[in-house]
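In the two complexes below, chain A is the common chain; its partner is chain B in one and chain C in the other.
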Partner chain A sequence: MERSPPQQTLAGRLAILGTLGALAFSVSAVAQQELDHAKADAEFAKFRAEMEDSNPAELFELKGEELWKAKRGPKNVSLAESCDVGLGVGKLEGAYVINPRYYPDADKVMDVERRIVWCMTEKQGFKFGDIAKKPFASGNYTPEVTSLVTFVAGHSRNMKFAAPIKDPKVREVYEIGKEITAYRAGPYDFSCNTCHGSDGKRIRMQNLPNLSTPEGSLKGVMGWPGYRMTGGVMLTSQWRMNDCFRQQRFPEPKYVSDTVTALLTYMTVNANGYTYKGPGIKR
Partner chain B sequence: MTKTTILAALLATPALLGSSIVLADATHRTKAIETIKRDFQPRGQADLDRLAEDGVQAICNRTGNNPSGDIVKTLEADQLAGVKYPADNKLMGDWKAGEKLAQSGRGFTWSDKPGLPVGGNCYNCHQISPKETAYGTVGPSLLHYGKLRGNTPEMQKYTFNKIFNSKAYNLCSDMPRFGHAGALKPEQIKDLVALLLDPESPVNK
Partner chain C sequence: MADPMKIRAAMKGDVCEIRVLMSHPMETGMRKDSDGKAVPAHFIQTLTVALNGKAVVSGQAAPSVSRNPVFGFKVKGAKAGDKVTVSWVDNKGDKRSDEATVA
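Now for the complex of A and B:
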């Protein structure tokens, strides 16, 4: 129930309205737009927080768990009994955040998705060509690898990124990744850094993280794999890099290629020490 | 490759070899370029030739977008020389058509339909008309562009040239070379010039 304070006469109310009006008008157009942007961001953050109570990523973690444990492929072995994603065969707790890392058996630095694909081909006997044919989700289709990555990533929830940059092989890939972000080519002369190389920039309303800073790189790797509200599909970091190159007007990076691993190494190392919140929701 | 591109490439190479620019991380850059050349596949309209650097890209990539010396002026002049003007030589078209073009960000990705027309992508990076609040900030604000600068023939020409080939005035500008890239035709750029310079355009109200 509302009660007017005794002193609030009609004249008093008008005066207050007048003051509010003057205040509103004194906010410049630019400040107002910044408020609008901040409000849109805040609303999405709230929406994300609400959604994470029933995080759709968890469905894919469950699906991934089945795939991880099942004996599959021409060699009829499970990944659980054959695949080392960084901490030893079958060990998942905290594995996602210590990737990309160097794997001596493959003689490559690999991110988790690349490593899982490697395990599927080398240990289970699947054909790479079949896996790479349709590597990303669309419509109702979710690749098995995406569910597997989500499952593995779920075991590093709330752990700190710790990609092993002291390993010279990782350092080398990191430096190459850094140079890839600076490489301008294509019809529009874009590099990654054209959009992601300085602070406080936007494309339309979309904020652009500066990947050369820890906070910016964190935004690049945080939340993936992620359930994307646009399209309602589960997508991985590999997909995200692929879509960056699309917007850069480049041709398509081959699936789980060195280029993508190098970019993921660059960003994850920059984000080292920051907490990975786990598979989440993306706009 | 256009003639301009080839010329630029020829000019850039000896200048780079002879320059005293400290190549901070040339080794990793070389490896990065080798990696990129190995790792891509054509898709849609995006062929592998897009991975190759032209002369301007090459010099910008090797100097952290901060080249110096006579080569800069030479290459800028070369970029300017490639600008093509509308048949009627008028540089101010229809600001309303320009606004429509400025709004569209489509074109040239592997998921876009090949061919023209493509969007001007202007609002992706610039504030332009005060009516559009969803603008990017990668480039400077262009609000009141003509009001602040006037619309003299010189200003029209500068603005036209800048959109056709931003590198004519700033060799390593972040902005695409819309005319040079074949994305926008001179007649379309004319409409964008009007959006920025016409006193009737909302940009200048």
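Now for the complex of A and C:
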């Protein structure tokens, strides 16, 4: 039996009404979700403000200071009298926020952690293999480099990020970093940008920053090095990048590799002009 | 020897606010290492706060307190320039004592 045209129209209208209803429902659900996220963010912000007042990262700054000033390694020199982290040998005030930068003596663009490792191998005579054996904190173990990075970072509290993007060498590495964020690969075939390239993405309950915006990149670099309360360990931005690769099921990069410097350069330059608050605290 | 504490003490009105950040592993004894062996308990057991040598707070801590713990106290009857001494003893007999001046 054939349906008459009026019946079809009625069915059509009902269908349209239904769709509209569903749309209205989903729009309000999304709005509600965004509101919930904003509320959760505000709660975490309060929590962080409370914790920043007594951030255990300070304990690692103290350790880092000892290590920075002590004569160590086969060559028995201190980093304080041999290591230039961007402003000249031993100068730390505001050094963290002008990295990554190009170092002619190493002929490489380096972030602070990479630079400290370079100083430890070149100036103090430590073996890279020994440093890279266990480069990140776990349990009660904190690598010396992590404490040193925290100490150096603590000297740039409340200063503005100013990575030297006008330097063509830095620009080149920045562009490479940008490319890497768009590189899709791995068993799940996704890139950094899949989750961090547009607004409103989240993983489980955690909102993800959009790294292509200055505010998003700021979130990416601001809290590092950071004390993570889960496990009570101090971790650096090198660790953060490494863990991103692990979570993507990519092969993990070698310690202080060009790849990680490129990504840190990309994010830091994007965050240029925004204030760095110093070593952070994470939940 | 344990790592130093970080102590902040400041007058807020007529109350002295003391905040102490301690460096300690605070092992519960319940965790297992990668070989499956239990990690022995190692935690701060007693802590005291003294003002100019006179104990004003004495307390006990247990394994449920986090690693690298932060403690806050409010003390009446202190004044700027007073000497605050914080000390702790852990279950292995290890101890640490640090000083600060009320600001």
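The definition used in the following text is that the second predicted complex is superposed on the first by the 244 of 283 C-alpha atoms of A that agree within 3 Å, B and C clash if a C-alpha of one lies under 4 Å from a C-alpha of the other, contacts with A are read in each partner's own complex, and residues count from 1 in each chain.
What we mean here is this: a contact is a pair of C-beta atoms (placed from the backbone, for glycine too) under 8 Å apart; a residue touches a chain by one contact, two chains touch by 3 or more.
On a predicted model such as this, the values are computed, not experimentally measured, just so you know.
Of the two partner chains, chain B is the only one touched by A:R204; chain C is not. Of the two partner chains placed by superposition, only chain B is touched by A:R249; chain C is not.
Residue contacts after overlaying the shared chain place A:M229 against chain C, while chain B stays out of touching range.
Of the two partner chains, chain C is the only one touched by A:S54; chain B is not. Of the two partner chains placed by superposition, only chain C is touched by A:N140; chain B is not. In the superposition on chain A, A:A182 makes contact with chain B only, while chain C stays out of contact range.
By the touch rule above, chain A contacts chain C in their complex via residues 53-54, 56, 58-59, 62-63, 140, 227, 229, 231-232.
Chain contact summary for the complex, chain A toward chain B: residues 29, 33, 36, 172, 175-180, 182-191, 194-195, 200-206, 208, 245-247, 249-254, 257-260, 262.
Residues 25, 28-29, 31-33, 35-36, 38-43, 46-48, 50-53, 56-57, 60-61, 64-65, 105, 108-111, 123-125, 130, 133-138, 167, 174, 176-177, 181-183 of chain B are the ones that touch chain A when the two sit in their complex.
Residue ranges of chain C in contact with chain A, taken from their complex: 3-4, 6, 8, 19, 21, 23, 25-27, 66-68, 70, 72.
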